[in-house]
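In the two complexes that follow, chain A is the common piece, with chain B as its partner first and chain C second.
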Partner chain A sequence: MSIYVENLSFAYGDKQILHGINLNVRNGESIRIIGTSGCGKSTLLKLLAGLYKARDGIVEVQGERNPDKIRRQVSVVMQNPILFPASIKDNITCGHSKSTEEIKRACDAAQLSDWIASLPDGLDTHVGERGGKVSGGQAQRIAIARAIAKDAPVVLLDEATSALDGDTSKAVIAALESLTKGKTVVSVSHRPDDLMEYNRIYWLEGGKLFDAQQYKSNL
Partner chain B sequence: MHSNIKATCNLFRMAGRIRQFIILTLLRCPFDSLRTIVQATFLMHAFDSINSRNLNKLYYACGLFGVLCLFLFLYNGTVWMLYAEYVTRWVGAIRRKLFEHISGLSLEQIEARPTGEWIARLNSDVNAATALLNQNMHLPHAIVSLVNISITSVMLVLVNPELFSLIILFAVSHILINQLFIVKPLMKLSMNVQEAAAENASDMNALITCADTAILYDAQDFLLKRFEKSSLELRKEKMKIQHRKAMERGLLSLMGMSGYLVILLFGWRWINAGSMTFGELVAVFQYRGSLLAGSMMFITSFMNVISAQAGVKRVNDTMSLGREE
Partner chain C sequence: MSLLKKLLHKRIRLVIAALSICILSIALTLCWNLQLSSIINIVNSNGIITSGRIISAIVTILACMAISYILSMISGWTCETVAHDLRMGYAEHFTSLSLPEIENINSGEQLSMLQNEIDDISAFLYNNLFSFADDAVKFIATFIWMLCLNPRLTLLFNMPSVFITLYTGYTSRIISKAVHKSQQANAWMNGFADTLITVFPVLRLFDAANFIRVQYNKALDQWESAKVIEENTRAKLMSLSAVLSCLPLLLLVLIGGTQVVNGSTSIGTLYVFINLSGNVSGIMMNMPGRIAVFRKFSADMMRIEPYVSIKTGRTRK
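Moving on, here comes the complex of A and B:
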């Protein structure tokens, strides 16, 4: 089992966000979790990413329950990715030693190579603070390249396809397909779309997780 | 130089209370010169009284000296108290106006520059600019020292014009060397410090804003190293300023001591020839001390004013950013 969640509950102080979540995702499987704003999608993703510690219930990713070790097993891509105020190269490697070949492969897979080749400083181009010197689509593809370079077995997508439009959309979708190929994928979003294919779809409401088919029939 | 004066005037216009500043600076002007004249005159009369064994004259000189010192102490204390109050309000006014202006900028303008840049503009730039009036040696010190130098020079000419020429020779060469090797590079170094401070603040900010991504991608060490690098860069730039200031202190000792020995030699000859009394030589040393102290005060405060220009220009630059209506 790639992701195993049992009876997971989570609260910010007195405010209960997640109630008794159970989830099993097998290796290489991709699932989608849909829910309205504030329903706890991002909180669940942070727990799966090892950014929060599960105090009530079990979160196991690739057999690891320790958040420090969980973090090594996951890559996360967000709708508004956070870039370091550094070069494209540093944003992809995160300061780790990576070969030129590895970086090039990540850039190719993230559909970045043509754009980088057109830049005077290439990979050494500074992205500015909060990615201010690159467009939203470019920033997202840099974040995808970073995730590809990490090569973690589990990929978590937080609204990664929610704000895509036109040509940017195609490039980002292609990049996401390269990133998620053969990986376990959990994608959270506030609305359904058919940009990517998933094995299962869940609905998160009131802090509880429902199978989407079952949820529809209940309604 | 012209642009520096213009930038300083803009800063004063922005803060307001210019008339109050002029009045307080004028009130501060006579103190140093008066103190020098009182001390030199006292020493000249005291030593002449001792030489002529006139005890009554010595008592009179000592009594008068005591009363004048008390008056000077009270005068200086009162003026300083008023000045300190003025500076506090002046700094507050600049900070408030700058903050109001930045808050009125559009999000597009804010996001065009790194957060560290804005933090630097609100903190270190204001601190650097207001150093014009609130550091140890500042703009009014430069004005006060100029008045002191002028009055002391007149007194020296009256006592001994030859020695005055010698003292001026040393003082002018000192100022020229200082200008060439210390004052000029200082302006550029100060600007570098402000830029390095902005970059450093930006890297510090990334430690917080990029925390979750850094944790996920094990990049905390990378961000810390960037912060460390920019901190070292900032320290290196600050050290360059300290090197120049150390050079300035070395130059001061060298020029001061050599000038002292030359005057001593000439004074000894003239006393032996009977054309000068010991009291007059002591008074010359007193005036010389004041003239050099005034020159040093002028150089130091001028250097500080030059350093502050980096902040003044950046504050003016921030205030000149157009606000969207």
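Moving on, here comes the complex of A and C:
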């Protein structure tokens, strides 16, 4: 089992966000969790990413329960990509030693190579404060290249396709497909779309997780 | 410096009032020194000082005191008002921004600006703005008055001042560049600290703490080296300025003393020259420091100018 969640509950202080969540995702399987804003999707994703520690229940990713170890097993791509005020290369490697070949492969997969080749400083181009010197689509693909370079078995997508516009969406979708190929994928979003294919779709409401098909038929 | 012009223009009545009192203050000081010179000359020639002369001197001293108090109050009020306008203009700029513009603001850099540049500008306005104007009025009025009393002595003892002024102009430009660089490095470092908070989740997920530490240390090193260069430059250039600035007083004592011995000038005039030399050569002596402070103020103003909205219409207060 790639992701195993049992009876997970989470609260911010007195405010209960998640109640008794159970989830099993096999290796290489991709699932989507849909829910309205504020329903706890991002909180669940942060628990799966090892950014938060589960107080009640079990979160196990690739056999690991310790958040520090879980973080090594996951890559996360967010709706608003956060870049370091450094070069494109540093943003992809995060300071870890990666071969030129590995970086090139990540750039190719993230549909960045043509754009980088057109830059005078290439991979050494500085992205500016908060990625201010690159466009939203380019920043998103740099963040995807970073996730590809990490080569973690589990990929978590937080509204990764929600803010795409016509010009950049094709390149970003292609980059996301490269990132998620053969990986376990959990994608959360506030609305359903058919940009990517998933094995299962869940609905998160009132802190509880429902199978989307079952939820629909019950309604 | 168009921002300073706008700020002063907004409070033009207060500024004119303060400048007028500056002029009145120096006129009274010169009047007192003229009376003092006469008293010293009378004492030197064993003459009798009349009660009318003493009363007149006392009235002048009291008027000097009163005008000094009024000057301090009006200039302080004006500076505080101008500093308030500046802060309001800074706040107004952000309230007029659109949501996407606000979202793209680097709050660390803006906080750094608010804590450093605007604080420094307010301090400069309060401590130096009218002191600069006062110095300028003192310098011009005293120099003209001295020229009328003893043109030869005035021109000779102030001759080095011309070279000192040129030198300070040159050094202040160099110091200003160094100050600007260190301020930029400081803003970059503070901006980086803010970015750390934003990138924190990514930093943990991609185990990038070491990388960020190295980047932050680079920013810290850049600021450190820029600050060291700034202080070194300031120390080297200003120490030579200080030595050069002593020359006018030495010349005054040498040439003026010789003129008194020759009988071509009175002891009262020389005393008044020494007494007022601070208004001419003293201002020169302080000029390197003053110009450096003004350059820093000017660099601060340039940095915040794009973030301040000042409505040019005059406001009553």
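By our rule, the second predicted complex is superposed on the first by the 219 of 219 C-alpha atoms of A that agree within 3 Å, B and C clash if a C-alpha of one lies under 4 Å from a C-alpha of the other, contacts with A are read in each partner's own complex, and residues count from 1 in each chain.
Keep this in mind: a contact is a pair of C-beta atoms (placed from the backbone, for glycine too) under 8 Å apart; a residue touches a chain by one contact, two chains touch by 3 or more.
Keep in mind the model is a prediction, meaning the values are calculated, not measured.
Visitor: Under the superposition described at the top, does placing chain B and chain C together on chain A give a clash or a fit?
Guide: Overlaying the two complexes on chain A (C-alpha atoms) leaves chain C and chain B clashing.
Visitor: Pick one for A:A49: touches chain B only (first), chain C only (second), both, or neither.
Guide: Touch partners of A:A49: chain B and chain C.
Visitor: If you stack the two complexes on chain A, which partner ends up touching A:G128: first (chain B), second (chain C), both, or neither?
Guide: A:G128: touches chain B, not chain C.
Visitor: Does chain B (first) or chain C (second) touch A:M1, or do both, or does neither?
Guide: A:M1 sits against neither chain B nor chain C.
Visitor: If we overlay the two complexes on their shared chain A, which of chain B and chain C does A:L119 touch? Say first, second, both or neither.
Guide: neither
Visitor: Once the shared chain is lined up, is A:K150 touching chain B (first), chain C (second), both, or neither of them?
Guide: both
Visitor: With both complexes superposed on chain A, which partner does A:I58 reach: first (chain B), second (chain C), both or neither?
Guide: Touch status of A:I58: no partner.
Visitor: Of all the chain A residues, which ones make contact with chain B and with chain C?
Guide: 46, 49-51, 71-72, 74-76, 82-86, 90, 94-96, 129-130, 132, 146, 150.
Visitor: How about chain C: which of its residues touch chain A in the complex?
Guide: The touching residues are 104, 106, 109, 191-192, 195, 198-199, 201-202, 204-208, 210-212, 214-215.
Visitor: Spell out the residues on chain A that touch chain C in their complex, using ranges where they run on.
Guide: 46, 49-51, 71-72, 74-76, 82-86, 90, 94-96, 129-130, 132, 146, 150
Visitor: Under the touch definition given earlier, write down the residues of chain A that touch chain B in their complex.
Guide: Its residues touching chain B are 46, 49-51, 71-72, 74-76, 81-86, 90, 94-96, 128-130, 132, 146, 150.
Visitor: Report the residues of chain B in contact with chain A in the complex, numbered from low to high.
Guide: So the residues of chain B in touch with chain A come to 111-112, 114-116, 202-203, 205-206, 209-210, 212-219, 221-223, 225-226.
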